[in-house]
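Here is the structure we will look at.
Labels run A, B, C, D, E and F following the written order; every chain starts at residue 1.
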């Protein structure tokens, strides 16, 4: 099977998009191409509510502008808003890395904990877990105090910070860890080695789960909250004009 | 006290903004000015997830562009996303009409029901009630099958549809109704007369609650998830460039 | 608008009633008169379950005995029982300071914490938050170990205790504080200054929210659990004979 | 073992007290004496919030006035408020018939439904189940539209109404029924015969559970929310003066 | 009344069965015979998920093999799986010691804590409390690090460990303790003396609650999830062949 | 990648095992071998609590007896107990079809509904969804009144029954359906065609998710509730003697 998955970064940092796509490709099956997508506008990093709501729109804009074919969308912003919008926008399966990581973690342990970047992202991650129904399976969300911009500056130090925060999350009751930032992609193996528990990288999990849905021939429900709407086409303003021409494929507007 | 409240419409329909501002002004204290704000871009109506996430960004953009002084923001989109972002963006109190209506309803009855426009908005309204903690106080959310664009075309018919749906919501266990769209502003009295239960118009309630917070001298917490971030200023792209110059007033970035 | 609000103390300490009424008046709009009401019988302070259930009856008795006109009732006992009874007793809006504080706090921050007097009140406050649906928005309820009788004896010491407990509540995750006793009314500004987060005084918030409901022309639902009952008039015993003559105004008994 | 249990009616109808005590005695072990207690004041029937909060105080008053020895208190008002207060008032075990019925039902089936008297009691019963943690085990609470005053007027008709409502509750998912009024005591066998599912009479269950706690030598916790308070003794007003002399036995005030 | 209660140990340690039966008999009414039952196969101790699911089957097997008459079943494995199966298997009342302890604790205090043996049992106990609806009433479950096999080796040391863990559970908010292992039966009085709060032994509570249900003439619901099934008789394999001949008494298969 | 997945039927019907393995193989990647496993003993079909708890043990026994290598276990009993035990038993990833179906459904729609066989399985399925944290995402679980033994007897009639029940579940609020029985495997495409919404077959989803976890190199957490226990080796009785020799691979007993 040859599949093409868009891995959409939630910020405008092209280097981070490349890192995400590389990590996603490394996790993918042979035959899968992971295409990194960088929003044309939006925050340089998304680490709080303002940025999260802006990137929700920017990411939909970026996908709506695509003229190439793709089989699924991976939303590579941990805890960011917008997955419900993306599901309404395109008919292909949409997998948010927050969901993929939480679900994979639930298959590997009893309760998971999230290790994220900075404190300003914690509330949004909790909200995301709540709306997906995973609050009760999450022991805690803790920040390692590593801003996104500093992750790659000193990877060893980043790993140390994640390890320390991971230990705190385990004390809170987690037997599985979830990496709470797309920028942490690829650090799961190192942390597993240090901590002795499964560590889930949402980008990798999302790529595999997206492949699974594609292989099963599934598409997002066109009945109910994600039904495409003709009204999508009535917009004002250039910035998001792309959404005016969104082709919702075989899904019939309600 | 002379106060100035921005009532931000969540769509680009200027006539609807005028209607919202008028309804808000009618509900306001003497000395309060309610200023309608229309986003410069975004959906003509917000009745689903794609539109809701786009308007969340558009509404923040609209407020960030203001150069005039204001004392509070009323977010006049029922069930729309973004209130947490707005709270992080500006230091003044932010009152979402969904919150205001739910809280007012809880002060007037035991369980409230929401009567909204069309079915595509129901899931988003439920999500909003869940994240604010009001799910257990809400008996049901039902759509009257009146698209926003049709509300004013035949007001009598709109009132009839709301009455019928209101009766269904009461059967579900509600003893108070909430009007689930800013476009319904002003219909509460008529529905109260017909149904014999309190009917809450979120725009009116939000204006009064915003005045209350202003009078009490309160501002959004600058500690925790709504703390302003210096990083807000790092953006790519013109559309939301406004957010680059957002003045978060006396709140110190963390 | 000229409005008259009864602020009902939950204990029989007339000095405390005066303090509550003064604080409520200070928070009120011009044109509003806040009338303090002291129950004719009941506990000298309400700091536990026995006292709370007794005062629930005493406070209804006190309001039922009123022969003057009023526009709303503010129940000035934090966490005390009885708001549902008061809503059934009189047709005017009833605002419990626990509700008002919780709702105001939710408009100002992401999660609130309650700082109350002594440990014996904590469980009742939690119950109150649970039945109003606010448990998930509350990070913790902590006691400052300041009995009601000691609040005014040494205000500086009271403020110190509240500050210390407030810091503990913030560590628990609160970005807004709620003063968990009517006797703390007026201390919010001082604590805001010390702690740097919004501090909500329920008495002040309740007066403003009551004014809001009055201005919006709302009354408690006469349909459902708060419907007045003719059976109210069948009582035995003098103490609460007052309830026999309760005039539930325009609300028709079910 | 010779034990003496106070079965406290929640209204002032002495005939109903006698019926409750008779039903309780019939359910009791040999050696147990069930003593009916009628409050000296309060509502003729408790079928709503006003009455429920008044009777919470009246019932505590009635027990505080007892000069005889007793081993446990059964609170025979289904869904009425006040059990937490009674637990703080006396050191002996306190069993509310709402709790006893719910717990017994959970031992006999998967989900229980409550059949109560009139609609005005439903919300209070739901609140009671929520604070005791039993909401998720209850499929529904439905009223048979039989006021308390009419139960005995035509027992056959009462049984017919309970049967019909019981069938509705079973459709809602219940495999066990709970009789939602102390006045229904004794009708459980007849309804079991008609409906083919276990039917729990809270009075009978509470008497047996009270005996169990006595036999096990247990008393209410004097640590935490039910710790007796010396402050109980500071009261104003004759009506509840009884509480001034409440002897909380071996429990030491905190 | 002469009643016969099967107290089914969840492991194959006959000495522990004797201890459980002895403790149950000590708690029983005159006229009650508590018969200890040891499964014919299964784990030597049940302290984790594998053992818990095996013992669920083994315990049903043991009861299905009984040829003597009995009036109720007490399942004497704290937190072990299988109570729903036992309820479907036999028509007599089934009381799980986890349920009995939780319900008794709720009648004696506001929130209970569980003190169990080793950490590997904690998750299963939490699951059990969740499915019975008691999670919100439980402050915490903590292990004393006393393996079942070590309980009787040094009773004084066991009591010391329980005391220390009990104090931690009280700090977590418990005002009542629950002994989280059938092997702790009989230690409640000693711990009450040390800690000053009620301590509930589930075996004793379950025997008394089983007697209560028998006295009230109740049987498990044969309508709904626990309805006996004719299909029970279609099995493969000798080990559980006993279940093929289970006589579900007067309950008619659905 | 060459992987070998055990697909364990929860009953002793070898024909059903074959059907499950065939469906699983059809859904699998090239390079994956799906090996059907039939328990050596247990129920001919699992459609209720007794059978579910027996099969939990039988399925662990069947896997413990395997002497061949395998990479993951798929538990092919919808709603059956035991996944936590299997996770403790073997170090390889374990995917329950109930989990896989629920998680896949959440990636494809807003709320899912389950269509199962007969009413006696509904409560167990609800319990399973509750312990995995998915209750709030499930609109309803409904039975098509098709016993497992009748599924293949008349496939057209089975499809008709599932369609009718599927429509009822959609009225309850589902926008995605989940097939609530391993025996329904392969009917998802036909139902999607009829109903126009995604229909998830848990067997297919579980095989793909198991492959995903294998590809990501993940194993069940050996820290916490699923840690292997040396005590597993202390058993009495031949039937489950297999568990005595379970090799928990590289996971060190705690």
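Here is the rule we use: a residue touches a chain if its C-beta (ideal position, glycine included) is under 8 Å from a C-beta of that chain, and two chains touch if they have at least 3 such contacts.
Owing to the predicted nature of the structure, the values given are computational and were not obtained by experimental measurement.
*Asks:* Would you mind checking the shortest number of contact hops between subunit B and subunit D?
*Replies:* Counted as steps through touching chains, the separation is 2.
*Asks:* Interface check for copies subunit B and subunit C. Shared numbers divided by all numbers used: above half gives same, below half gives different; which is it?
*Replies:* Here the answer is same, because the shared fraction of interface numbers exceeds one half.
*Asks:* I'd like the Å distance between the centres of subunit D and subunit E, where a centre is the mean of that chain's Cα atoms.
*Replies:* Taking the mean C-alpha position of each chain, the two centres sit 27 Å apart.
*Asks:* Using mean CA coordinates as chain centres, what's the subunit B-subunit F distance in Å?
*Replies:* That gives a centre separation of 44 Å.
*Asks:* Need the CA-centroid distance for the pair subunit B / subunit E, whole Å please.
*Replies:* 52
*Asks:* When you check subunit B against every other chain, which residues touch at least two of them?
*Replies:* In subunit B, the residues touching two or more other chains are 84, 110, 123, 224-226.
*Asks:* Which residues of subunit B touch subunit C once you look at their complex with the stated criterion?
*Replies:* 27, 29, 84, 93-95, 99, 103-104, 106-111, 132-137, 170, 173-176, 189, 196-198, 200-201, 204-205, 208-209, 211-213, 215-226
*Asks:* Going by the contact rule set out above, which residues of subunit F touch subunit E in the complex?
*Replies:* So the residues of subunit F in touch with subunit E come to 12, 39-45, 47-54, 56-58, 60, 81-82, 84-85, 87-89, 119-120, 122-124, 127, 130-131, 224-227, 229, 231-232, 234-240, 243, 254.
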